[in-house]
Structures are given as C-alpha cells and as structure tokens.
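Each of the next two complexes has chain A plus one more chain, namely chain B in the first and chain C in the second.
Right after this comes the complex of A and B.
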C-alpha cells in the first residue's frame, strides 16, 4: 500500500493534459453533467469522487468519447486534449481512444489467450512490425501491470482463467500496451479484494511517471492514497477541485466536508 | 393499518401448513405432467421410427435369380458387344428354365420375374468380358420388385396343409383331375364355404342400402300430391325394391351353397390359393369337392401314377391372388427356381448408388441425395453470409428508429410465411425474370435460402445480443473500430449460437418440399446431378414422389428414403456440433 507523504503529493508542474470547458451531458431529457470545467494535469493521478449517480463515470466516459456508443447521449461544450477539441468533426474517436486508454469497473478480458489480450491493441494500431517486437511490448506491458511474474509461463492460457485481481491487472496491461497518453479508470478496484486492490493502487501510483491517470472511485481512502488531485462531483456539477491534501484536510465547500466525513453519500 | 408485528405468528399456523402442502402437491403435479408429456413425445417418436425402419428394412437386400444364359454370336456381335439383343437373351434364359410355358400371356408373366434393368447388367457384364460370347454361362438376373417382395414374405407365404390320402390324377392338356383317398380336399372346401358366407354378408349389406332408398322414396311419394311426379317417385321406389330382392336372392344363393354339405365349389381369385406339389409337378386348384378337385397344371409332373401322402403336398397361400401382384403361376416358378438353388439375395447397394427409376427394383436414392447436397450448399452459401451480415448490421450498426423496428417486425413475419409462397416467388422472379435453369439446385437453393435467411437473422441477432457489452467496451476502449469490434470479438463469441440457428434453419429447409415442387425439382430425373446447374431432385421431393407411386415396392423405398433423409439430417447436425465445439475451443 502506498503511503505518500505530503511532499510526494506536490505536482511539480502545471502542464494541462485535458481541459474541459463548459461541458454539459444529456441523456435524452435528463441533464447528467451541468457545465463542468476542469483541467487535468499531465503525469498526475486525478481522482473523481462523489455519491452514486453524481455523473463522475459519465464525465470520465466523455474524455475518450465512449459515450458515443450510447445513442441518446449528447455532449456539448469543449474538451481539449493537448489543446485540440476531441469532439471536433476531424477527430476519429478510434484514434482518440488509442491515445486515451480506459480500464473498466468490471475486469473484462477478451476470451482469448493472455498474450492475445495484450497484443490486440498493438496489432490493430500497427504499433510494432515484427513478432519479436510484439513479444517485447507484451512483456513490458505485463511487467508494468505487475502481473508478468504470475503469467509469464502461461501466456497462451485464456485470460478469463485468471483470478479477478489478475484479470483487472491484465486489463490494465492491455490498456498500457496501446501506449496511451491518458489512462481512464472507472472504479477499477470495486470488484477486487483488499490485496488485489493494494496491488492495483501501487500500479496506479507507478503509472503516474508516464501517464496522466484519471480514476473514478467510491472509496475516499483510495482517492486519498493514490491521487494528487481530487474532484468532488455532486448532482452533475464539480463542487470542488483541488489538491487531494487540501480536499481531505481542509475542504472549502460544506458539501465536500459533509461527504468526506461520511455525513451523506 | 395492518399490525405487522402479529403477522409473524401466521407462519406456524395451520393455514400456513396447508398452503405449504398445496404448494408441495402443485410441484408434484407439475412434475407428473412434465414426465407424461415427455413420455408421450418419446412414444410418438419411437412409433414413428419403428414404422419407418420396419418398412425400410425391406429395401436392405435385393433378390437375384441365377439362370444359365447362352450368349450366341448371332445375338451379340463380338465386334460391338454393346449392341446385342440382351432383352431377348434374358427372355430366352427364362423360357429355357420353364419350357412348358408356351402362350404369350404366360411368357410375359414369366419374363416379368426378372427386372428389365438386368438386361443392362447383362450387357455390361458381356462388354466387360467379351469372352462370354459363344458360351452358356450362369448369370445373376436382378429379380423384379414383385418377386423380391414375395421372397421377403410380403405377398403371403406357402404354408403346408395336412393331408393323409393317396393322390391319383388324370391330366388332359392344361387341366387335371385330382383325387385323394382321404378327406384332404374337404378341408379346402370348408375354406371356400366361409368365403361364400362372407360374400353373402356383403350382398345383404348392399340389399339393405337399396331398402333404405326404397323407404325414403316411398315416404316422399306418400307426402306428394297426385300427379306425374308422384308416379315417377313410386316407380323409383319399385326399382329399388326389385334391386333389393335381386341382391337378397344372390345372398340366399351363397348361403344355400355354404350350408350344403359337399357339392363342388369354384376357388376364385378372392380366396386363398391352394397349390398341389406332386412328382415334380405343380397344380393350382380351380374347383374343389369333398373327394377331389380340378386343377390347372402349372408345371407338369414327371409321372401320373398314384402316390402315397409322403410324395405329395398341399401348400396354401392365405393371401388371395387378387390381393397381390404376383400370380400363382409366377409364385410356382419362383418356388421352383428356389428349389433349384437359383434364388439368392445380397445387400442393396443399388438403392444407395443409383438414381431414380420407374422400376421399383432399380430406383435409388443417390440422385436425390446429391441433389439435396447441391441445394443445401447453394442455400448455405447464400443464406449464411446474408443472414449473419444483416444481423450484425441490425444489432451493431443500425440506428434504433422506427425504420429498423419495421424491418425487425417484417423479418419476424418473413420467418412465418408459408414455404409455398417462397416457391411462387422463386418461380416468378428467379426462373422467369433472371432465367435461372428450371429444376436446378441453384434455383432450389436460392428459394430455400430466401426462407432460411429470416431464421438465421433472428437466431444470429439473439446470439449477438447475448454477447456481454463489456467485451464491446473493452475493444472500443483500446481503440478498435466498430467493425473490428464486431468481427474480432462479437462475431466469434456469437458464432456458436449463430451456427445453431443456421443449422436449425437449414434442417428445416432440408425437409422442405413445396417450394421445390414450384420450381420444378419434382421432375423425374434419372441422372445423378453433377453440379448446381443440372436438373436434380431433392430427398423430400423424392419421398413425396415415391409415396405417390402405386407399386407396392415403392412403399418400402419411400420409408428407406426417409431414413436416408434422417441420416443426412443427423450428419448435418453432427457437422454443426463439431464446428461449434471447434469455435468454442479456439476461444
């Protein structure tokens, strides 16, 4: 388990990776996200916390346009990735998702071999040309996801034969293998036991050196443990967005205070 | 307001116990209904298979008559052996075996013992081995379907009757007078008398019908006013009465004959046949009295001396001659060949390897099997890609709006359209507009594909819908396009279900007859189709055609063709199961 000192939490730079400006999301007639502004920093773990149904997962799915698959969902406002609007007509959502990887709440490995699970992304994007290179990418991804030692002898076994925690780490390896710039994680530990959760959290902290990681979580302890920045969502708006230390020790808003002390939510 | 705190006491009460007992019984009843339903279905299946397989059993073997045949160089030119008069040779061989048959009708009946197809067998044998020309060689002639059925016991069997007297005979030409010292013929006489009583009963029933007519016309007449119409009705009633009396008279005559002890009675073709075997000769009884009988000589005996009971026999075939296709004379010839050891049978490869034929003994099912194969191949090649791609489009790509809803409803409707309608469509569009050859498996396959596509679409959509959305999310999340997601992940996962649906659709289509009839695949086609453009028939159509033929032997062929159809079906399902297992293992 990570135990960051307050100094660890200092983000040494202010490079904005993703900037959301005035984002509204509608599901048919219901207004799920109301005018959200947020800037997500590069090489930082940003946590979204908030009670159920507050729109944090919905907002997360806007960041790689996964909401496009829901036909009644409509997104307005600007979301800029490295200064370019991802909802621009010119942008291919497929290319975007290669850059903005995603890990889901429930481990969802493909019913293929462990190797093929990880190699699928590099293959379809043509990241490497030769088989040895592909093997190397697979190995590195699995190592970064801290699962290599457990699966190196059975890469041809189906991914679904692994345990829940292993499956989730495999999914993370799969996301890493595509070499994304941003990694979105939608409650990645909600289906895991404490030991697997600890492994995944350690992994998230480690990933910070290369990626901008956005994690949605219901566990405030988890947010406190792994993130440098925290956004508190409530009823479709961001109530407060600041350094994690600040949010958990000295929140500005009363609602944040109530939520993190367990008075509601 | 209900006080819920006291409701808990309900659980221990008698009412609760009663309810639980009722639930328990309801469960037991449901189980019993289920077992009963399954048993009934199982029994029906067993009965169906039993009736089909027992009938089809007759086709397992075919019978041969081995006769010496002289292949003279006059009849068959050694230079061109395939032009000889082999039909003449076949008839000569039979005549040589039964030289006493001299009249035309008899010779035709004799020639009917062997199949016309054996002519071609003989020709092929001579062409293969021209050294046979100029020699007398034994040749196995294929027996005709009626002889074959007789040998399999379908036209009655000759059962020996007891006799104890000494037989003496006088022969004049074709007729013979037989006398026995014991009451051997009296037994046979009693047989004919019971038949007389049966006939009397029939005439009485006819008379009763006439009496009904008379009574009704007389009542009508009584209600009429006097005049021409009434007179005509009365005259009509009188005619009925006369006819009634005439029929009653005939019945009286039969009954009197049956009641009279002794006398002479004719053995008609509607009573059991009685054959006498004596001194190498065969007789067929035509008239019988207490002490003697008149008979027709079928095979003359070697001597006409009086003989003891051990050297003659009475053979009865309970099936009357009128009820079977083989006459008594033909049965005698077959029996006499059997005594010479010239009858044998072997496994009926011909049924499995030959095309259709008008002659039951020559007809085979292979042409229909190949036709069905080509048809199914065309169906699969058209219906599977169209059905699966349509299902993927509708499930994964199409927007959900009223147009796709309409399409969905119509696909479901299409699956329920009667197959003959598809046949009409195929006739009107494929044959008349596109000019697809009539009777060809291509046309049949296209029509059947039309009716299979909705089934495949429905099954494939259900199967695609059952793929967990998390798999789609996973693929989309690492940047796979919609197409890649569908073809790399969704389709392979849905494939077992799609294959099951396809096989159900194809199995349904395999048994489909009506649309094939509409596009002309019901034609009589002897050749084995060599491709999808050649005229062909299909198994269910073959079954339908054979079931319509009057020949008795085709009844067995029909059952056997059904068995082949079932085997074809099981084979198809086995392939599907195999493919499904493979797909599941790969993933």
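Right after this comes the complex of A and C.
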C-alpha cells in the first residue's frame, strides 16, 4: 500500500480515456439513458452511484458494448475510447472487451478449473506464446486479485468450488489477465464479506496506476473510499459529476444531497 | 432539507442539536451573570457562575460522545457530515466561552472586595456588546441564518476597538495612581476575556457558514489594529 495522503489522491490532469457524447439508450420504447455526456479519465477510478433503475448499470454496459447482446436495446450517440468510436462497424466487440474488461455483480466463473478460468482470455486473444508465459500471467493475475495464496495449491480444482468471495476475486483475476485498459465493475463487492471487500478495494486502488476503472456501487461509502470522480445518475441522466471529495462533502445539486444523505428525494 | 428515510438518524441529529443549543443558552446565561456579578459586586452570584460552568464541561463530553457514535453508526455524508464535524468544534468553542465567563466571575469576586472605580462602566458596556454578539450568533445558529452569522462576524472589529480603547483607559488610570494597579489588572484580564469570547463568537459564525454553505467563510474579516501604547498617560 502506498503512503499517499488524501491530497496526493486528488485528481490530476489525466487524459480522457472514454468520452461519451449525447448517449441515449432505449429498451424498446423505454428511454433508459437520456443524452448523457461524460468523460472517463485515464488512471482514475470513476464511481457511478444512484438509486436502482437510474441507468447506471445500463450506461456502464454501453462502455464495452455488452448491450449489443440485448436485441431490443438501441444505443445512439458517440462513445469514444482513446478518440475512436467503439460502435464503429469495424470494431470487433470481442477485441473491444479484451481492452475494456468487466466484472459483474454475481461471480460467474466458467465451469472450468481455476487455472483455465484465468488462462482463457490470454489464450483466445493469443497474448502469450509459451506455457511458462501463460503460467506467469495466471499467477500474476491471481496475485493482483489477492487470491493467489488461497488457490495456488489447487489450481486444477473447478472455479465453482470456491466460496463466493473467492469466486469474485477469481473473476477479477480473469478480467485483468487480458491486460485491459479499462475495467468496468458492476457492484463487484455486493456479494462479498468486509474482508474480501477490503481486498477488492485495495486491488482497485492498485489497478488505478495502470488502468481506468469504472465502478457501479450502491455503497456510497465504497464510492467515497475508492473513487476520485463520482457521477450521480437519476432517472436516466447524470445529475452531477465531480470530484469525489466534492460530491460527498458538498454536492451542488439538491437531488445529490438528498440521495447521499439518505433523505426523501 | 427533507427528513431522513431512517427516522432515528434525524432523532440523533436533533439530540446533538439540542445539546448544542443548551450549551449556547448556558453560555449566554453564565456570561450575563458574570457581568452582573462584576457590575453589582456580587460575590455570591460570581460563585454561582463558577459552579454552573461544570454543566458545560459535561455537555461538551456528551456531544463528543454522541457525535462519535453517530459517525460510527451512520457514516454521514455531505451536510450531515459537516453538521457533525461542526458540532464537535462548536461544543469545544462554547466550552471555552464558558471557561472565560467563569474566569470573569472569579475576577468579579476580587472586585467585590475592592473600592469602586469609574472604569467599571466601560467594562460593563464592553460586556454588553460581547453578550449581544454571542446572542446574535446563537440565534444565527438556531435559524441556520448565514446572513446574520456573517454580520456578527464582521462586527467583531467593533469589539476589538472597544477593547483597545478600554485598555488605554485602564492603563492611564494605573499610571496616574499606582494604587489602582491591582484593580486595573483585574479589569484588563476581564476585558481580554471578553475580547476572546468575541473571537470565539466569530469562530461560531464561521462554523455556521460552513455547515450551511459547504465552504469556508474566508479570511478577509475586518480586524482591529494591535494595541499601541504611544501616548498613553502623556
């Protein structure tokens, strides 16, 4: 753990990693996201908060085209990753998802061994040439996900044999094994106990030095702890987007204030 | 601001607010009685002030206790967090005001045994001015009225000026008649205590502003000149 003070953790002048401009999302006739503009910074943790059904997960899933799999879902507007439109016809969604990884609310390991769960991505994307290299990627990924010590002697056991918290960290290891540039996390700790949560938060902080991390969370305290930028979603729009310290000590919008202090909106 | 979804959270905040209000009311009363004791040379009233300051100390501890519990249990955010942090500071500040009032009362006991001098009326006026400032800032706190808080904050300069004038006046008396030095010193300490209460009052105004607005009031408050001894006694 680095000895950074709160001031050091303030947002610097990071480059924009993902720029969303005028994004609308429709599920059939339902208008889920209404003209959202937001810039996700590189080497920064951005938290999306908001009540259930506000569109934060929907928007998150636009960032690596997970919504493509839902036939009635239509996304309009521009989402640029390093300046390039990710919805361009030439972009292969599978390649995109190697660059923009995702961790879900419920741990969903493949019905394979612990080793193969992590090795799967590097294999299909051809990221490693030899078995020792692959072993190394698996070990490093499991170490970074803070689960190596618990599984190093049972790498051939099925991933599903692990506890919930371990499975979630395995999924994080799987997500970072392809060396993504952006990591999307949809409520990654909601099924974890406080110790496993702390380990994941430590991991998120660690990932920030290399990646852009976007986390959707219902825990305001978690958003305040791990992120440098926070966006508050409500009814399909971003009500407020600012430095995390500002959002949690002195938000500008009354709706943000009511939500984070637990008042009736 | 609407109520919290968890109503017991509101109850907690109200309980803390009630204790702060009690501290504020007690401070006003102690200062008022201490000043009366000085003016009327009432040693008994002074002793009563000294005794009742203990209640303030107890309340300060209760506020710290409650606030710590609420922070631990509710993880407050935004205005709630600012309110709780300020409640801690406010109770500490009011406790200090109580100590200063107590100190004035102690000096009142001494004065009760001394012969009357004309300067006492100046100190009474300064006392009334200080008390009025304290009352106003506590009203601003109850009403969360930042405009009133800022007006109190700006007026502290007048108290500083009164203090400087009184200082020169007392010094002049002491130079003219060395027999008044003991008495004059007591009066100077009382004046200094009042001036300190004025500073605490401006601090409370700053806390009110921070709770409501979320930003610091700033540092461009008008301040009195430091005391110059030039020309005293000449």
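General observations
Criterion: the second predicted complex is superposed on the first by the 257 of 265 C-alpha atoms of A that agree within 3 Å, B and C clash if a C-alpha of one lies under 4 Å from a C-alpha of the other, contacts with A are read in each partner's own complex, and residues count from 1 in each chain.
We adopt the following convention: a contact is a pair of C-beta atoms (placed from the backbone, for glycine too) under 8 Å apart; a residue touches a chain by one contact, two chains touch by 3 or more.
Everything numeric in this text was worked out from a predicted model, so none of it was measured.
With both structures placed on the common chain, the touch criterion links A:26 to neither chain B nor chain C. In the overlay built on the shared chain, the residue A:121 is in contact with chain B alone; chain C does not reach it. In the superposed model, A:87 makes contact with neither chain B nor chain C. In the superposition on chain A, contact of A:148 is made with neither chain B nor chain C.
By the touch criterion defined above, A:174 reaches chain B but does not reach chain C.
When chain A is checked against chain B and against chain C, the one touching more of its residues turns out to be B. Taken in their complex, chain C has these residues touching chain A: 1-6, 9, 75-82, 214-215. Across the complex, chain C is touched by residues 220-221, 224, 248-251, 256-258, 260-264 of chain A.
Those residues of chain A that touch chain B in the complex are listed here as 64, 66, 69, 71, 94-99, 101-104, 106, 108-112, 120-121, 124-125, 158, 171, 174-175, 177-178. If you check the complex, the residues on chain B that touch chain A are 399-400, 468, 470-481, 484, 488-489, 493, 587.
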